[in-house]
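One chain, chain A, links the two complexes that follow: it is found with chain B in the first and with chain C in the second.
So, the complex of A and B:
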């Protein structure tokens, strides 16, 4: 088994190289020289502008720049063009925020989605099932920022029961989980909302399919208690497709974090990534995209492992 | 099932684009995108009617765009320029009309030939870490700005290049700037190679840094030094924490030489954009927003009608304009430039785009400056005169209604980083037979590849002014034929720009600048359209003194206080 997983990890290395190369090339193609955004080049002569470019390493041949960038990410020496902080440190500072919101959101979405889906599956075409369908379509259609602003209007600016911005009380610093809880409520809900809808939809179908399977009828026929049938024979079988949905939506969290973090003023990875892309902060762009790639690969690995638990037939020896 | 993701990331990008463009444009020294405006005179009644006078205590939460660094030596962009005065001082500081007032220098004398300045420094100044401020710090800082390895700060180094020996030092040919002499620990004497009027305002106004903190730092690595994020200065506030993309927290410096600030703390929040900033202002999370983070014009009435908030419109810091590129033969004819100016209805732009909250400033000198000329000639809003001028220049309407001359149609591209007035102009000009084809782009795609490379046809952008400390600032880069990007060349303009800094006689300088402004107005190398006002929103209970512009408002932070 471990050999198989080692193989899987090894496979991901060429994938990461390919992703990093692609991003690097795209950055080179993007119009606009990063050095021109750091100072006002209207006041620099050509020699001075060349000097500024050189200070960022932009004067070197592209292959050298690429290797230097990748090496710098690995050993932590790569620094942002703008803030001059090590990009790994920037990522490290921002990641706990994004991970907390993302994982809590995914957890809430999974629990709510599976519960709703399983409930709706019991009476296909019934009132609850139809209500769920409508809810799912609406939930997927409402843009995150609309939902976020709506919730903020109501709970932060109207009722004033939840804070409107930040991951901790304004003006405080450092980590205080208790103080952060109210700050997490809305971002987690907003993150969970569309995911829950997607998961509910898939769970409903998966549970439905399992419910009508012959072995379930047999179990029912044998006179097993409905709860036992649900747990052992229905949910267990429905779990494989559900796990794969959860595994697929997990990387979307990073994309969603971009909006959620901007609106709720959270200092997470999404904000860093977008700011860096628009400011041509190449080292930060490279670091965050590589991180996203690692995350996708990792999520897929975890999904595969989870399959094994859900369905022993897939388990590898 | 992936529907949500791409949709939302598009939205995010557009939200960010506005903000990021704004920040990116800070590199220009202050581009201003959000169209927002108000006549500077249209403010609200002062909030301090019932005030009992300044009191100590309390905190203010403000929304100001965060800088990349708090090291003033390496980042000549607006976010750094308006964030560093919380923590640092120059030898001089700007008065409300931008004339120099004493700050770390308590007085100075100028030699009769205007080339030697002798600064007497305050003896009661200590850095935040307790170390005394002396003449060593002045020489060290000025050399740091000019250092051969300080490529990012080269533009600031330019403010010191007229000190005797500075060019050799920057070229690596000397180990120090000979023209800066430490007479005693509290006296500095500087000798310039030529008379340079902005020296007292711009050069001596640059932030002074502590030698003992920075002396061993590698100049190439200044940005990575911890003190670039946790500045040690002499300024009214001491940094407490800076969390990226979240907040900068600063507390009053008890030992401040200008008197301890009234507020105990200021928290500056990083907010994604102005719309969100205004939400937070209304919700009570933010007490003040303004500089480069104006309340959006769409929210102006809401701001005005909210009794808990004070609306304070200030003149903005960017003149919206179209720049004609003289590489196109059509723009070399002043009659065509004038005709386009006549074909422009600035009042309509102001009313429709900026809801009347903009001022037309027909020149490159901000009205807050003593050198601004209020009555330069403007060729505006007269279609008949425009038609006349086109006819004189030999342009006639063709079959499709577009003007033609020698088989050429009057059609050009207008590269734009503005939203709003570019297409409004396109409409206005179409009526007289000019076909301007608008190409909108993001700042990064526009700035270096097109604008700096001189490849635009006509560019819709804005001229930053009022953030720098002398009217000289935007002139050389945008109008002198040696540096401008549109190949405009008028020897009189070149000469006036030089002459205006080569005398210390303010009246003479003013006359040169008046002459320059009128010459440019007649030449129309730029088509100035309006300066949208910067709308400050201040929550009642926080008293912020009235200043002529946002930058000076920020610099008055020591005097802000709580009144509730």
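So, the complex of A and C:
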């Protein structure tokens, strides 16, 4: 077992190298070089320009720049062009916010999605099933930013029952989870909404398939209570496709965080990435993009491990 | 199909509408800013005194064009990769699937942000980058279908009578998986419109003064307390259009692939809404 997982982890290393190379190449292809963002080249003579480029390490061969940049992300020597802060520290400050909203959102979405899907599956083609299927298509057709603005307008500005933006921080950075609860309600709901819809659809199909299986009929036939059948025989078997869909949507959290954090003024990874992109702060863009890829690879790994728990047959392979 | 009719109406409005509106979508008139709907301006004017109806129609052209063209890019790459991978098998399959995983590992939004930050937000770039990041899902589905179809008897029969590999792939395999491509392409248009709208909302997509539904929502959100319809109008336009593509995709799936319908026990009414 441990050998298998070591192998899986080792497999993701070439993937990470490829991703970091791709990010590096995109930034190399970008017109103009970073030094022109710090000072308008028109006001510098050749010597000053060369000095500036040398101070940023832009005069070295590309492979050297690549290795130094990647090392710089890890040891903190790669700094934001704007704030001069190490990019890894900015990421460290932002991560708890994104993780809190994302994980709470995924949790809410999974609970709501599985419950709705399992409920609708009891009577396929029934009123609830049809309502769910319409709700699912509608939910995935609403842009995240529209839903955010709508909820903000109604709950924060109209009814004034929830704060519109921000979080309660501890000290200069970080997040105080308890005091932030009212601030997190809307972002978590917005994050969970489209994911819950997707999870509901797949859970419905999975539960439906499990419900008509032979062993479920046997379990019912031998007189087990409906609750026990539902738990031990239906949901247990529907678990693999449900794990699979939760694993598929988890990476979407990060994309969603970009919009949710911008609208709700949360100092998370997504907002840093957008702000850095608008200011062409390349070290920060690069760090956040790479981090996003690491997180997806990690999510895939966690999904694979979860498969093993959901279905012992997968563990043996 | 109601979804097709809905999209037909949207397409007609966006194509013909701009000729019927007497204002240019970028024409500002500070004296007439933030007017509620009047006969002269049926949907009112925005914060720069621009006619909202004119911008809505012009923005629709941009949003639909980006959605459709980026879908075309995604489908071209996806079909190429999926078909070759599934049909060739072996080392080519392994290499193409690693490439697909690599693109999938990039969270789309972050990759687009990276590219737009590097090269700016021009329309062709937006189409390319949305298209080139959105093909892996379709390619994987197609690969699975091709793998299954490749083993069918009529493919063996074609090979036995001496058809070339290229002919078998195009005339026998691809025509049998075309339904899957059409369905996923239709839903892809809606998804890509959402991506474009999100980017434009953040200021990373279509750049003002050029209108797109996404940047219209962003403009409207600044005055959402008082002139909420400036946000609502483009928001509804996005929702209706994306909903149209999603419903059309589902309708086509039931229409083109009745096997799946039975297997998944999806009631026919469920997607006819």
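The rule is simple: the second predicted complex is superposed on the first by the 297 of 317 C-alpha atoms of A that agree within 3 Å, B and C clash if a C-alpha of one lies under 4 Å from a C-alpha of the other, contacts with A are read in each partner's own complex, and residues count from 1 in each chain.
The definition used in the following text is that contacts are C-beta pairs under 8 Å (C-beta built on N, C-alpha and C of every residue); 3 or more make two chains touch, one makes a residue touch a chain.
Please read all numbers here as calculations on a predicted model, not as lab measurements.
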Touching partner for A:189 - first (chain B), second (chain C), both, neither: neither
Which of chain B and chain C A:90 touches, first, second, both or neither: first
First, second, both or neither for A:259, with chain B first and chain C second: both
Touched partner set for A:48, first chain B, second chain C, both or neither: first
First (chain B), second (chain C), both or neither touched by A:26: second
Partner chain(s) touched by A:288 [first = chain B, second = chain C, both, neither]: second
Greater chain A contact set [chain C / chain B]: B
Partner chain(s) touched by A:219 [first = chain B, second = chain C, both, neither]: neither
Common ground on chain A, meaning residues reached by chain C in one complex and by chain B in the other: 30-31, 140-141, 143-145, 149, 152, 157, 255, 258-259, 262, 274, 278, 280
Chain A partner contacts - residues on chain B that touch it in the complex: 1-5, 7-9, 11-13, 15-17, 20-21, 23-24, 27-29, 59, 61, 68-69, 75-77, 151-155, 158, 220-221, 223-224, 228-229, 240-241, 243-247, 249, 265, 267, 269-273, 276, 279-280, 282-283, 285, 442-449, 452, 476-478, 483, 485
Chain A-touching residues of chain C, taken from the complex the two chains share: 101-102, 104-111, 113-119, 190, 194, 197-198, 201-204, 214, 217, 221, 224-225, 228, 231, 235, 238-239, 242-243, 246-247, 250, 264-267, 269-271, 273
Partner chain B, residues of chain A touching it in the complex: 30-33, 36-44, 48, 51-52, 54-55, 79, 82-85, 90, 93-94, 140-141, 143-145, 149, 152, 156-157, 160, 163-167, 170-171, 173, 194, 198, 201-202, 245, 248-249, 252, 255-256, 258-259, 261-263, 265-268, 270-272, 274-275, 278-280
Complex contact set, residues of chain A against chain C: 15, 18-19, 22-23, 26-27, 29-31, 124-125, 129-130, 133-134, 137-138, 140-146, 149-150, 152-153, 157, 205, 208, 212, 251, 254-255, 258-259, 262, 273-274, 276-278, 280, 282, 285-286, 288-289, 292-293, 295-297, 300
